[in-house]
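See the structures that follow.
After this come two complexes, each holding chain A, first together with chain B and then together with chain C.
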Partner chain A sequence: MTATLAFQLAIAGISVGSIYALVALAVVIPFKASGVLNFGQGEMVTAGAYIALVLTTLALPYAVVFLLVVLVGAIGGIVIERALIRPIIRAPEFTVVIATFAIGLLIKGAIQLRFGDSPAAIDGPFGMDPLLVAGLRFNPTSVWIFVCMLLVTFAVIAFFKYTRLGKAMRAVSINAEAARLMGIRVESVWRWAWGISTAIGAVAGLLVAPVIGVNPEIGTLILRGLVAAVIGGFTSVPGAIIGGLAVGLIETFSGVIVGSTFKNLVPFIILMLLLVFRPYGLFGVAVAKRV
Partner chain B sequence: MKRILSILAGAAVAVVPAMAAAQQQGVTADTIKIGAYGPITGPAAYIGLAGRDGMNLAIKEINAAGGINGRKITVVFEDDAHSPTRALAAVKKLVEQDQVFAIMSVAGSNATVGTIDYVRDKGAVMYVSIASAPPVTWPFARNLFRGGTTETARYGELYAEYLATNAKNKRIAIMHGREEYPRNEGDATVDKLKNWFQIDPVARVEFNINDKDFTSQLIQVQKANPDVIAFFGNPAEAAIAMRQARELGIKQPFFVGSNMVDPSLVTAARANAEGVTGFSLIPFLPGANSPEMKQWEANWRKEYPNAPAGRPNNFDLLAYGDMHVLAEGMRRAGKNLTTDSLIKGLEGIKDYRVGPVATPRTFSDKHHIGNLTLVPMQVKGGSWEPVQWQSKRQSDILSRYK
Partner chain C sequence: MFSRQTIIAFIALVLLAALGLYVGTYTIYLLNLAMIAVIAAVGLNLLTGNSGQISLSHSSFMAIGAYVSALLSARYGVPFWAAIPTAAAVAALIGAALGFPASRLHGIYLALATLGFLQIVQIVIEEFADITGGVRGMRVPKPAWFGAMLLNEYEIFLVVAVSCVFAVWSATNILASSYGRDMNAVRLSPHAAQALGVAVARVKLGAFALSAVYAGVAGGLLAMVVGFIDPIEFGVSAALRQITYIVVGGMGSVAGSVIGAVVLSGLPEVLRPVREYSDVIYTGILLAFLLFMPHGLVSIWDAARLSLRRALARSFAK
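What follows is the complex of A and B.
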């Protein structure tokens, strides 16, 4: 493998890995705050792509489209949490997880009814002509996705570390009842955790739409997002990002090394091997409980 | 006495066919009940919803024109969710519970293959509009007919001949999905390239449905330096692969499978679709700039004013054309409509089509593959346009039936 080929594959791996990382991040946040694994998050990514598609047809500036996607995504998450998740939050964990799966199917069904199954496309903010740098080709939208992914990651890390709401979320994730006794409004924390995560999911949809197109199957990204989150440790924000990038790079390089037929299996094989040796992923830690 | 006998004989002549018709399941004096199935939920709903709507539009036109020899068509539709087991349950219900006369399949290959053995045994006519799975028409079954689509092997013949002769490509790379349909297209094309033109593909790579990155496959294709890249999969995947190919500096043209010769590929791939070639099962695609297609689309939109984007699609047209072919078979069967007379009616059809928006269908008592003629097309100026090209080779497929 030549150095140029390796660099070109690395660019492709980081590009697709950034997409997986954003989805993984959107899965990790509500899990950190409420312990709910949101299987419907893939469809929030799909919804974000379709919201962007509709807003783009209105010829709005990209910045306005971006802000509206964040806003609609956040409101959607808050409504879902209040109307559908909170009434069943004390049900067995498995029930809540299945409910999120059903919510995802509802969102997908509504999208299919309104838009059909035909794929559509939207432009990225910097056009789609590749950039040629030192003999390597970059898609400007992929660079934009990578930059946004880093910005979102730093913002989320800062949010958890420095804001009252972020600290409250960390407290609720460790022990919701104890946090309540300390005066934290647990329901409010859950609401914002869902709003933030669905906003990130919707932004992921907006960002990836120019690269992978707009169609109702975008939500299948959740599978790669989950693998990325598990590799990263599931409760770690940097872990989700590193997991996403790792899955993207592994897939792309294995396509050349072991062939296209097996390239999609390699990340799962590596995941299983990793879990054998590190059951809590790269950055996860075992939760100690007093008995 | 003689006069009474002749009246009785005349009455008998009139009554016997009517009695036979009355005994035929699903046929009454004024109605013909047919069953239909296809996926209207799940990932292949775009096939079944369109197939159902196209078929219903044709039935409405047929009934408005007086029906079939005085009988109106009624239809019972079942969802198969693109599953062979669901399809089999649907067909059993249609035959045994709903007591339909004949069955129209607007399902994909995956579901349709699940029904073949049962329908062969039951003997009712099943007319398959969309599925290209070989078991529909091979081995030959007297009660199974294939309409608008052709067998995968025929795709391979036409793709190989076009690629090797029209564009005179010697170095052909193949990218195909791992599911049944695109893999079969890839296999059939490779087989005919090898056996008819002694051409081995310079690269053959696979991908999965819903893949989002094709860099590793495209790098392998790029290294092989092909004259053309034949891509078999779905429009969403093709759009990503075509964009990434251009980003990697791959300038060779793409050729795509017939399911992608559809406006949705142009919508998804946009400028990267320019120059792409492929074969269409219908002479014009929805959105084409022909008066006949514009009129047909206007009729369709009048019937379905709230349809989602992307409709009508190719499957609306296929099922629409095929429902008219099935109706023509029933018309030719005459007043005494039975399974046997319908089979004979359909086998008498030669180059029949409802209008310029459909390809002609031909059946015989030797084979029931209605359509062996596909139309080569190329994306020019953002829409699919027919390419002047005629196949010069005799198909190997019909030789099996001699």
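What follows is the complex of A and C.
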């Protein structure tokens, strides 16, 4: 493998990994706040892509489309949390897992009814002509995805570190009952955790749409996002990002090294191995539980 | 001489066999699919409803059963009565292999591991297309007793009916055994069960292998009845469909598995006029039951029986 090829693969891996990182981040935030893992998060990404498609056909400028996708995504998450998740938040874990799955499938079903199965194309903000820098080809859309991922990550980190709501969210994730006794409105933290996470998911959909086209199967990205979250340890924001990038890089490089037949298997084999040997991820901390 | 369950099983089998004589080809086909759904649901319910282990990969074990039995009969001419049990045994072995790591996990981590396993099975079927036919699927030869002696439609129906009744009968007996009590104990409180001497990890592992046997048989029968299999038939949506059966019917109840599987596999027929909405309706039903009736349809029956008993007790007390 030449250095140029390796660089080119790394660029591709980081680009696709940025999307996985955003999905992983969207999965990790509500899990941290409320212990609910949203298996339907992939469909929030699909929904984001379709919202972008509809808004783009209205000929709105990209910045407006971007903001509206964030807004609609957040409202969607807040509504879902209030209407469907909160009534079962104390139910057995099985109920919650299957309910989030079902919510995702409902959204996918609704999208299929409205738009059908045929894919639609949507343009990125900077076109598809590659930029040549020092002999390496950079796809502007890939660069844009990476930049957005970094911006979202820093915004999330700053949010957790400096804002009242972010601090409250951290407190709730450590101990919800103690946080409630300290006067934190736990329900409000759950609501915003879902709103933020679905907004991030919707942005991931908007970003990935020019690359893979708008179709109802975008949601299968969640599988890679979950692998990324497991690598990152499920409760750590930087872990989710590193996990996402790692999955992207592993996927592109394993395509060259072990061939395309096994390329798709690699992330899931890693997932199984991690769950067996390091279920709290490479960056997470094992939770000791008193029984 | 025979227990009540055994007598009920015989009566059910005779009634089913008689029913099969009076209905047309299409109804027989639907009955076959419903009975196969019952077998799969019974197995999943032992694992999820009784042992409390989330599994998103039940359909993968159906896939293993379907592909192993189909390949045995297509490549080596193995008759169905040897191919399907062999396929079920392979499914059990792989189920135990998955159960080994899975018995250390719980909750979402178990959900993730089984989801990962489902993906691995899907990808393996898709990528080894020279053997499995890949995404284009594979045709399954017509089932034979021996060599060229093929089963007719009614005989196939009888095979499925016997398997289905046996599945329900065996699950009922397993739940009445000490192993069944162990499974329920592991679900209700793994720590208390451990303290009382239940080998929790072994019970979980056994439950994975056992549920894989039911799924393997269901998969082998499905391949035989439909005559064609492809990986989509065994994907995430199939796994969710089987979970819907047990949630709608009633978690942890054999009767619940039967009711849920029969009602929901009849649903596509009812929904035929609004076919394009059927996925959404199906998922909506699952979500509605999770939210509003988490104990499933059998809870109606249980509640009715309880209030009847109370009413009787009151009238006797007078």
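Keep in mind that, in the parts below, the second predicted complex is superposed on the first by the 277 of 291 C-alpha atoms of A that agree within 3 Å, B and C clash if a C-alpha of one lies under 4 Å from a C-alpha of the other, contacts with A are read in each partner's own complex, and residues count from 1 in each chain.
Assume a contact is a pair of C-beta atoms (placed from the backbone, for glycine too) under 8 Å apart; a residue touches a chain by one contact, two chains touch by 3 or more.
On a predicted model such as this, the values are computed, not experimentally measured, just so you know.
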Combined model on chain A: chain C and chain B, fit or clash: clash
A:Arg137 touches, of chain B and chain C: first, second, both or neither? first
First, second, both or neither for A:Leu84, with chain B first and chain C second: second
First, second, both or neither for A:Thr261, with chain B first and chain C second: both
First (chain B), second (chain C), both or neither touched by A:Phe159: neither
Partner chain(s) touched by A:Phe126 [first = chain B, second = chain C, both, neither]: neither
A:Tyr62 touches, of chain B and chain C: first, second, both or neither? neither
Which of chain B and chain C A:Ser15 touches, first, second, both or neither: first
Touched partner set for A:Phe94, first chain B, second chain C, both or neither: second
Which of chain B and chain C A:Arg114 touches, first, second, both or neither: first
Selected from 55-63, 91-99, 127-135 or 361-369: the stretch of chain B that, after superposition, runs into chain C: 91-99
Touching both chain B and chain C, residues of chain A: 112-113, 261, 264
Residue ranges of chain A in contact with chain B within the complex: 5, 8-9, 12-13, 15-16, 19, 112-121, 128, 130, 137, 139, 208, 211-213, 215, 217, 220-221, 248, 251-256, 259-261, 263-264
Chain A residues within the chain C interface of the complex: 31, 37, 39, 84, 87-88, 91, 93-95, 97-99, 101-103, 105-106, 109-110, 112-113, 223, 226-227, 230, 261-262, 264-265, 268-269, 271-272, 275-276, 279, 291
Sites on chain C touched by chain A in the complex: 48, 52, 54, 101, 104-109, 111-113, 115-117, 119-120, 123-124, 127, 191, 237, 240, 243, 247, 276-277, 279-280, 283-284, 286-287, 290-291, 294
Footprint of chain A on chain B - complex, ascending: 43, 45-46, 178, 205-208, 210-213, 215-217, 219-220, 235-236, 239-240, 243-244, 246-249, 263-264, 267-270, 307-311, 313
